Each structure stands twice: as structure tokens, then as C-alpha cells.
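Naming follows writing order (A, B, C and D), and every chain is counted from residue 1.
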Amino acid sequence: MTDLSVKFCGVKFNNPLVLASGILGLTAASWRNVVKNGAGGITTKSLWLAEHIGHENPVIIANEHYMLNAVGLPDAGIEKAEEEIGKYLGWRLHAPLIANIVAGSVGDFGKLAEKIARMKPHLIEVNISCPNVEGELGKPFACVAGDSAKVTATVKKSLARAHAKIPITVKLSPNVENIVEIARACVDSGADALTVMNSVGPGMAINIETRSPILSNKCGGLTGPALKPLAVKYIYDIHRALPKTPIIGLGGVMTGADAIEMMMAGATLVGIGTGVYYRGVEIFKKVVEEMHVWCKKNGVKKIEDIIGTAK
Amino acid sequence: MTDLSVKFCGVKFNNPLVLASGILGLTAASWRNVVKNGAGGITTKSLWLAEHIGHENPVIIANEHYMLNAVGLPDAGIEKAEEEIGKYLGWRLHAPLIANIVAGSVGDFGKLAEKIARMKPHLIEVNISCPNVEGELGKPFACVAGDSAKVTATVKKSLARAHAKIPITVKLSPNVENIVEIARACVDSGADALTVMNSVGPGMAINIETRSPILSNKCGGLTGPALKPLAVKYIYDIHRALPKTPIIGLGGVMTGADAIEMMMAGATLVGIGTGVYYRGVEIFKKVVEEMHVWCKKNGVKKIEDIIGTAK
Amino acid sequence: MNNFPNSVRIKKIVKLTPLVNAYTFDYPKRAKPGQFVNIWVPGVGENPMSIAFDDGKSYTLAIAAVGNTTKELAKKRVGNYIGIRGPYGTNFSWKRGQKIAMLAGGYGTAPLYFAAYLASRENCKIDFFLGGRSREHLLFSDKIKRLKNTRFFPATDDGSCGFNGRNVPCWEIQLAKGEKYDLIMACGPELMEKAVSDIAHAKKIPAQISVERYMKCGFGICGNCCVDDIGIPTCKNGPVMDNKLVRKIKEFGVYHRDSVGRRIYLMKDLTKL
Amino acid sequence: MNNFPNSVRIKKIVKLTPLVNAYTFDYPKRAKPGQFVNIWVPGVGENPMSIAFDDGKSYTLAIAAVGNTTKELAKKRVGNYIGIRGPYGTNFSWKRGQKIAMLAGGYGTAPLYFAAYLASRENCKIDFFLGGRSREHLLFSDKIKRLKNTRFFPATDDGSCGFNGRNVPCWEIQLAKGEKYDLIMACGPELMEKAVSDIAHAKKIPAQISVERYMKCGFGICGNCCVDDIGIPTCKNGPVMDNKLVRKIKEFGVYHRDSVGRRIYLMKDLTKL
């Protein structure tokens, strides 16, 4: 059997597949259910410092071609985070927990990171790239290299102050023209790793009988299997520019072959979110099995050997 | 029967469906074949001033989720354009011809526009947005408002000098963060219309057995039904900002409902390119038929009545 | 795989009770009792609604006007468009000829009426315990009465119709008289369902219970409807669940989560749990 | 609908002629004679190649090493990966028992050998007119000889094997002797095919001809292989076309278009046309 385990910023994962933030990510019980279905690690729904109301329904629409979502990052705030993270870690499952955090200001990112760090998740994912949440400039932080760097530096500083040695990964947006420049700015400001990529767009779908945009937020993040080439290209470019920075690659992964493609582009961990819609929560077991079959057929002993080997 | 005819910059189209540039667009005979299959108008493959070699094969790969192309804008230059455009117009078909032009410098755009104008196509589409062709800044003109404006102004000036009253539409790229700003810059510099949008990305696909990017150009423009929400969103935003500027809307249109959705977002003409892959060249007849059925069921007498009516 | 709303024109609107209207519209997909659809009122909102009836061509939904989406819906006329997607979730199931006790409350009556209509035609014997505030709030009572093989046990808080009290005690009287049931079905307020779950568990009678949680997607992605501690989404692995599974739901009858995932306790004093 | 290359390992390589190697590999889809695949040599290029044989499990292609992709391919060993997508395009077809004349030249022999192999087993009577420069350049001649119901008429420019001259004049001798054919198939250099098309048309004998053009996608999108003046793509509506359609192709035997769409004339003096 091929060894599918990987090390990510010193944290061991039994297989490289992690649940993407925002899918089945609200409660410890739900995280455990996803681990039971084969995930190597879990990313929480984006956590805020305080309660944050999401958008009215409809918030998610999908067909055989794509999914559009504008859930609006709803969250009950820090107390609930503490309950759920504590509960999950208490079960001592072998699937590391990545706490995804989001904030409306650079300062809040620092405060939130510090509080979350106390709960000792294995990693913190800094979500500066949600297409529906805008920073001061009316654009997500991830769209401006300077903002991305400032958030990264602030989070690292507040973790250092709290003597928390939890690695952070900064989640980048695909909706930029200079993703390598932004990636470099984050790494130079202390990011231990990068998560590539958040949803594309935003896009819009209109119901033609009622002539109304369907999502209550009118537009939303675009995801699905057709967006994978964008993620592969970004991971490929970023890995070449920053070969030493580990990457969580995600965006349209549906099969074992997709996960292997993403790892060859340069990803160490591979996220799956919208894939749960197309193949059910069992997708993690299915993809792990498909990776085993491919590795056996192609003589790959350790999955880590294929990382970044695309020509 | 619903009246599907539309007027675009004074040019009458029997139905709003036009062949997108780059698909079956090399020869007059091919354009006529597409018209025979129901298209209301034809856009030529991008035309250069002089011969331009494209990329080696593979240049187009596609599966049920998406298409990636890096054909590399091959063209035989102005003499061939003259032959084919002259031949097509000589057949007096009722489907207007949109000559799509591309150049590597602002000056060449002007020269090319003037020469093409002499052939009297019905419209000129200025392609400043091919993801695989970069201007001086290493980015397509369409990615910089200033460049887009300069090209537009230069083309308008050279057409005026040649006393050619051919309307021009500027083709925008989706790979920007400020498409409305760029649209406005083009219209302020004289663009009579806008074509929204070119392919997304570029993206990459890697063959995992040989660990090689499949396209000879490694990456290419991403198209397919899943990209439609991006086009709908851009058209929706641009139409609200510039309600008087007619739009050729394209990007992932596969069905009558898609075309209607795009018109409700704000498009007057609807382009179809990758749809020929998923539904064959007969897609034009099929979509026209589907639009008739929908209009009848929903009491729409004239298709122009639905343009820009999305809430 | 298409989870976009289908625009359907309302064909018929019937006022069932002061609060509840029955909306009928043609729909291309068939449904089973217990399943639900998301009903979208453009520009206002979208909410899950059980299917009250499927006649093979059209659906009927029984919708109480309680908040801003359902109140907006109540203004709609026949011929207006609404958006429907689904059917979603699991359904009640039974075997030919079974003796079934159905405990229904509030709009929970809708799916159980639909089940009773079908099961009574497969010569199941049905005891239908319908609870509600008062006579006028008993949903579909006339239709239930007309079903063959069906004994109708209305129960009203104010005694204006049938048993004066809740439907569960009314059912317990039958149990005490020695009535034997092969299957129990419950759909209505959670505390009523909790009581049914406990009794069925104690008496080892198979039971199916409709577990409803705050829903957003309706197809197992957003996670808002996941229940502690088994963590499964009730929109996909429910709403109708076997009582054996319901017994594993720690939060059942205790709390649910609102639209930001915060715990909301059914009864204040249960917060210590 | 999947037009990504499949990575296949070369199973067998056989040198057929000084220029042509036969490559065999397992492939999950079945092919008909006249259809082609795109063969991809990673990092080098991709080109269309007719299927020389499909034994129900693997394909065999007969590839002449002429340019940089095919020369790079010639360096490949058994066990190496190559990329294959397809099969694309139309195929030769016949009815049981027909008397068929096959005119083959160069690598065009491959699809016609495949057709002869199958048709001869449906007791068609085949006259196979195989043309080539010299004996050693005649592709599959030993295999063709061994086919039942098949008369083999080799024709070499240098007379080193069979008729001393081109295969069309050799065929015309048979026609002059009163040979009657129900069907003609032609695949090889365009001028040879043009001659066959003219004769078949004049004698009103049904004919199928493989029209090859410079190809990029192989599935009817890029337009590079569209022929004047009917404008249809030969990768999708061909390569095998009925002679009635071929007669409408103004450019057939006159010119084709290169990779930038420029007209390339087969014979200099035809440019006036």
C-alpha cells in the first residue's frame, strides 16, 4: 500500500485530503462525521471574533456545471468556536484541525488569531479572500498585496506575543492579476504556508421567468470541477516562485487523479469542498482509494514524492 | 412567432446569436456553413496585419466540465482576410460579419483597423483580451484601463481618417479586478459597443502519467458552461454602469435559457463558441428554437423587450 | 443534479386554517411523504416546506404565514411564479397491511396526511392522532376523516374538537387499552416528537420521526442542519429518520442551531445539559 | 465527451518499411476503418494518425517518421507512455458481399488494410491496388496477400514489385477488362484520390474517399480543416466522405490550408483556379 501520509508545517496528516472551509464545517460533530468518511484533516467554517449574520436564503445553488454560493460567512463568534474546537480536540481523532479565521479589519485578525491560538488547533488558515466580504478598499484583502502582507504580519505578531507556535496558512483569492506577487508578500510577512484558492468571481445566475438574480446576495463565489485548471495554474506558478512554501491546493477536486494533478503542480495538502456536492461526503474515501489505485499502477511508494514534479 | 431580430449599432441581425471569434472562423465557406446552421451573425477568427504563427498541437483540450485552448491566434494576415471577407460579403447572406482584429502594439491596431474597414465588414471587434497574448506590460491590453482606452482611441481615429463609418466593439477580458472601470475607459475613448467576455484564466491541465502540462503552451484560456455566471455578472454590472452601450455577451452559452439570461443581464447580441463543442454546430438552430418556445410560453413578442430587464 | 429553483405558476390556493394556505402547482418530479422542497419567493427569501400531497402531476404545500417570506408568499395569487427546488430528504415508509399510529401537529400534519392517503390504499390500518390549538387549526381534518382504514383522533388544547388535550396523551389512552401498532410515525413540534420517540423506544415499537433543523442549502453542503453528536445533515439523512438513529441525536428535543450555528434551547432550563 | 489525451504504454513496435513503424497499444474505445486518433508526444507535439488496426483490445498505428513529432515518436521504446485521444471522424462502410476496389498509397494503406480485413470476412470481393515508390515501401503487402476474397495488385514507381507505375492506371486496366465494382475506396496522396474521384464519378460507381487536411482540435471547433466552398470540417464530417460530397469540395486536389489558414497549392500552376 502506498504511504499517503504527508507532513505540513510539521503537522502529520494520514492522507493529504482536507475538508475545505465552509462545507459541513459548523460543528465538531460534523467535522468528526467528515473524518469518518475518510478526510485526512478538517478546516472549520470561517470563524469571526463576534456573531456575524450571513445572507438570507437562497445562499447556495448548483447544477451539473457549477455551484454558486453567497452564504455570507455566518458564525456565532468566539465562544462557540471554543466549544466546538475543544470538543473536537477532546476526541483525539488523528485528523488535524485547521481553524479558518476571518475579520473585517487588520486589527481584528490579530485579536481573533490570538484567541483561536489558545484553543490549540493544529493550524490557522487566514481567510483574506472571500469574494463576498470586502475590506476598506471595497475589495477583499487578498486582492491587494499590501493588505495581505499587513494581515499576515499582524497575525504572526499576535501569535508570537501569545507564545503560540501554531503555523499559519494564508488563503489567497483567484480573482487577482498578480497572485504570485501577493503570495510572495504574504510569505515575506511570515506566512508559513499558503492556501490556493478561494472561490472565483463572484458570478451571477438569473432566473429568467422572474427575471431575478437567484442568490439573495445577487452574486456569489463560483466553484466546481470546471474551475480546477485555474487552481492548478496558480499552484504551479506559486510553487515555482516559492518552492519552499507548502501549499494547501483546492478548487474543483473531484477524483484521485485531480488530487494527484494538484500535488504534482505543487500542493502538499489537497482541499475538497464542492466535491461533497457532486460525490457525497464519501468523496474522501473514494478519492483516497483512487489515489491508492493510481499510485500502485504507476509505482509511487510515497505520495510526498510526487509533490511539485510537474514539468 | 416571436420577433427575434435585434439592431446592434444600427446593424440588423435576424436573431441575436453570433458565432464567437476563434470557433470555425477561418474561411468564408466555414462562416456560411455556420450561418446555414442558424447563426444570426458571424465573428471572424482574430485577424492580424501579417502572418502570425500559432502554437504547436495540442492547442485545444476539452472534457464534460470545461475546455482549455491556447491556439495562439494563428492567422495568414491581411491578404487572406481580404479574400475571405470579400468572398463572404459577395454571397449577400443576411448574417452580418463582425471582423475581429488583434495586434501586438497600439499603432498596429490602428493600421489594421483601417485596412479591415476598407473591406466593409458590418462591425469591427477589437480583441484586446486574449489571455495568451501580452502587450508591453506583459499583460493583455484589456487588463489596463489606460491601454484599453489608447487602443480604442487609436482605432476610432484611424477609421475616421479613412471615412469608415463602421461601428467598433471592444472585447474585454474577465481576468481583471475592475472591468466596469475598463469598460468605461473604452466607451469614453469612442467604443460604440463592448464584447463581454473573452476566456478566463489562463488555466492549466497536467497529464499525471507523463507529469506534463498537456497544452503545448502549458496554459490556455478556460471556457465552458461553468463560466457563464462570470459573464452574466460582468454584463449585469457593465450594463448598469453604461446603460446606453450595446453589449455582445458571451461565455458559456449552451441553451435558449442561457441566451435569454444573458440578454436580461444586458446583452443585445449573444455569442456562442464553446457551445459548438457541447451541442455541435447545429447549436444555433437549437438555441433559436428554444428561445421561440420560451418566448411563446412567457408572452414575449419582441426579444429586444427583454434586454437588461433583470432586477 | 440540478438544484436551481424551477419557476412554477401557482395553480390553486385554498385557505385551510386562519394561518395556513394550501398552494398547488404542477411539478415535473415526483415526491414521497416526508420529503420537502425549498420554496423561493424572489427578492424575499427561501424556506423548506414539506410536500403535503403529490397527485402524480402537481404538488400541494400547506404553508403557515409566520415570518416575512411566508407572509410575502401569502400575498401571491393564482398564476404568479414561485421558485421550487427539490424534492429533498428522506421519506416515511411502511409495509402493506401494517397497523400504524400517526402523531401529527401543526404543519407536521401535511406529510402524515400524504402518508395516510397512500398507506390506507395499501390496506394499512391507521390511527391518526391530530393535535392542534383548536378545531379551526386542525389541518386536513375533513380529508383525514374520509380516508378508509383510518380512525381519526383529533385532540385540541381548548377541547373544541375531540380529545381535550395533546395528541400524545390521547394516543397513550389507546395504548393503555391494548392497541398494538407495527409502526409509529411522528411529525410536528419537536417536544411532541420527543415524547413519541421516548414511548416508542420504551415499548420497542418501530418508529419514524421527522427531524427538522434550520436549513440553507437542502442538499448536504452548508452544514447548518447537522445534529450533535452524530454530525449528519438532517436535510440529506433526514428529515425522516428511524427512531434508532433519532435516539443517538443528543440535541433532539433539547436544542437546535440557528442561522449562525448558535445553540437555541427548546426549554430554558435545559441549557445545563 | 472526454477529449483529453489518455496515457497509454506502447505494447509493440514493428518496423514496416524504412520510414514506417507500426505501434500497438491497448485502448478502451473501439474504432472503425478510416477513423483517426490524435497522438501526443509530451513536450513535442500532437498529430492525427489513422487507425491501422483495432483487434477489439488494442490499436495499431502505422506512422511515417517525417517531421519532428513523428521523428521523436520513432525514438520511443515499448513501455513508454504516449497520449492518445479519439477515435475521431467518419469511416469506410460497405455491404455484405460487395465487389470493392481499394486504391491505397503511402500511409493511406493502413485504414484500407483494416477495411479489407473486415470486409473480406463479410465475403466482399476485394481488388486491392496498392501503390508505392518501391517494393520495400509497400505497407502491409504480406498481410493483404493473405486476406481471403482479396486480389492484390501492387504497383511500384520503380517496377520492383507488381505493376510498373501508379496504382490508378493499374486499376484502369482492370476496368477496361470489364471488371465491375459496387464500391470504390481511396486513401492516400490527394492527387491519387482526385483521379479515383474523377473516374468513379464518370463511371457513376459509388466511392468513399479519405479527405485529409491540416488538423488541430480533431473535433470540429478550430476550423483549420474546413474545406472550400462547403465549409465543413473534415475532422468531423470526414475524413471519409462520399464522392458525391467530395465533388462539391472546390479545393479537393487543388489546394489545402496550412496551420495559419493560408492556401497551399498542390501543383504550382493550379493557383489560377
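Brief remarks follow.
Rule of thumb we're sticking to: a contact is a pair of C-beta atoms (placed from the backbone, for glycine too) under 8 Å apart; a residue touches a chain by one contact, two chains touch by 3 or more.
Keep in mind that what you see is a predicted model, and the values were worked out from it rather than measured.
Looking at the partners of chain A and chain C together, they share no chain.
Common neighbours of chain B and chain D under the contact rule above are absent. Distances between chain centres, each the mean of the C-alpha atoms, put C farthest from chain B. Chain C has its Cα centroid 51 Å from the Cα centroid of chain B. Here the spacing of chain A and chain B, counted between their Cα centres, is 34 Å. Computed centre separation for the pair chain C/chain D is 67 angstrom, with centres defined by C-alpha atoms.
Across the assembly, chain D contributes 42-43 as residues in contact with two or more other chains. Of all residues in chain B, those that touch two or more other chains are 205, 208-209, 212, 311. Contact topology of the protein chains: linear, an open path with no closing contact. Per the contact rule defined earlier, chains pair up in contact as A-B, A-C, B-D. For chain B in complex with chain D, the touching residues are 22-34, 45, 51-54, 56-64, 67, 71, 74-76, 80, 205, 207-210, 212, 214, 216, 274, 276-278, 280-281.
Partner chain B is touched in their complex by these residues of chain D: 1-5, 7, 38, 40, 42-47, 81, 83, 216-217, 219-224, 226-233, 257, 259-263.
If you check the complex, the residues on chain A that touch chain B are 65-66, 68, 139, 143, 175-177, 200-206, 208-209, 211-213, 219, 222, 224-230, 232-233, 236, 252, 257, 260-261, 264-265, 294, 298, 306, 309-311.
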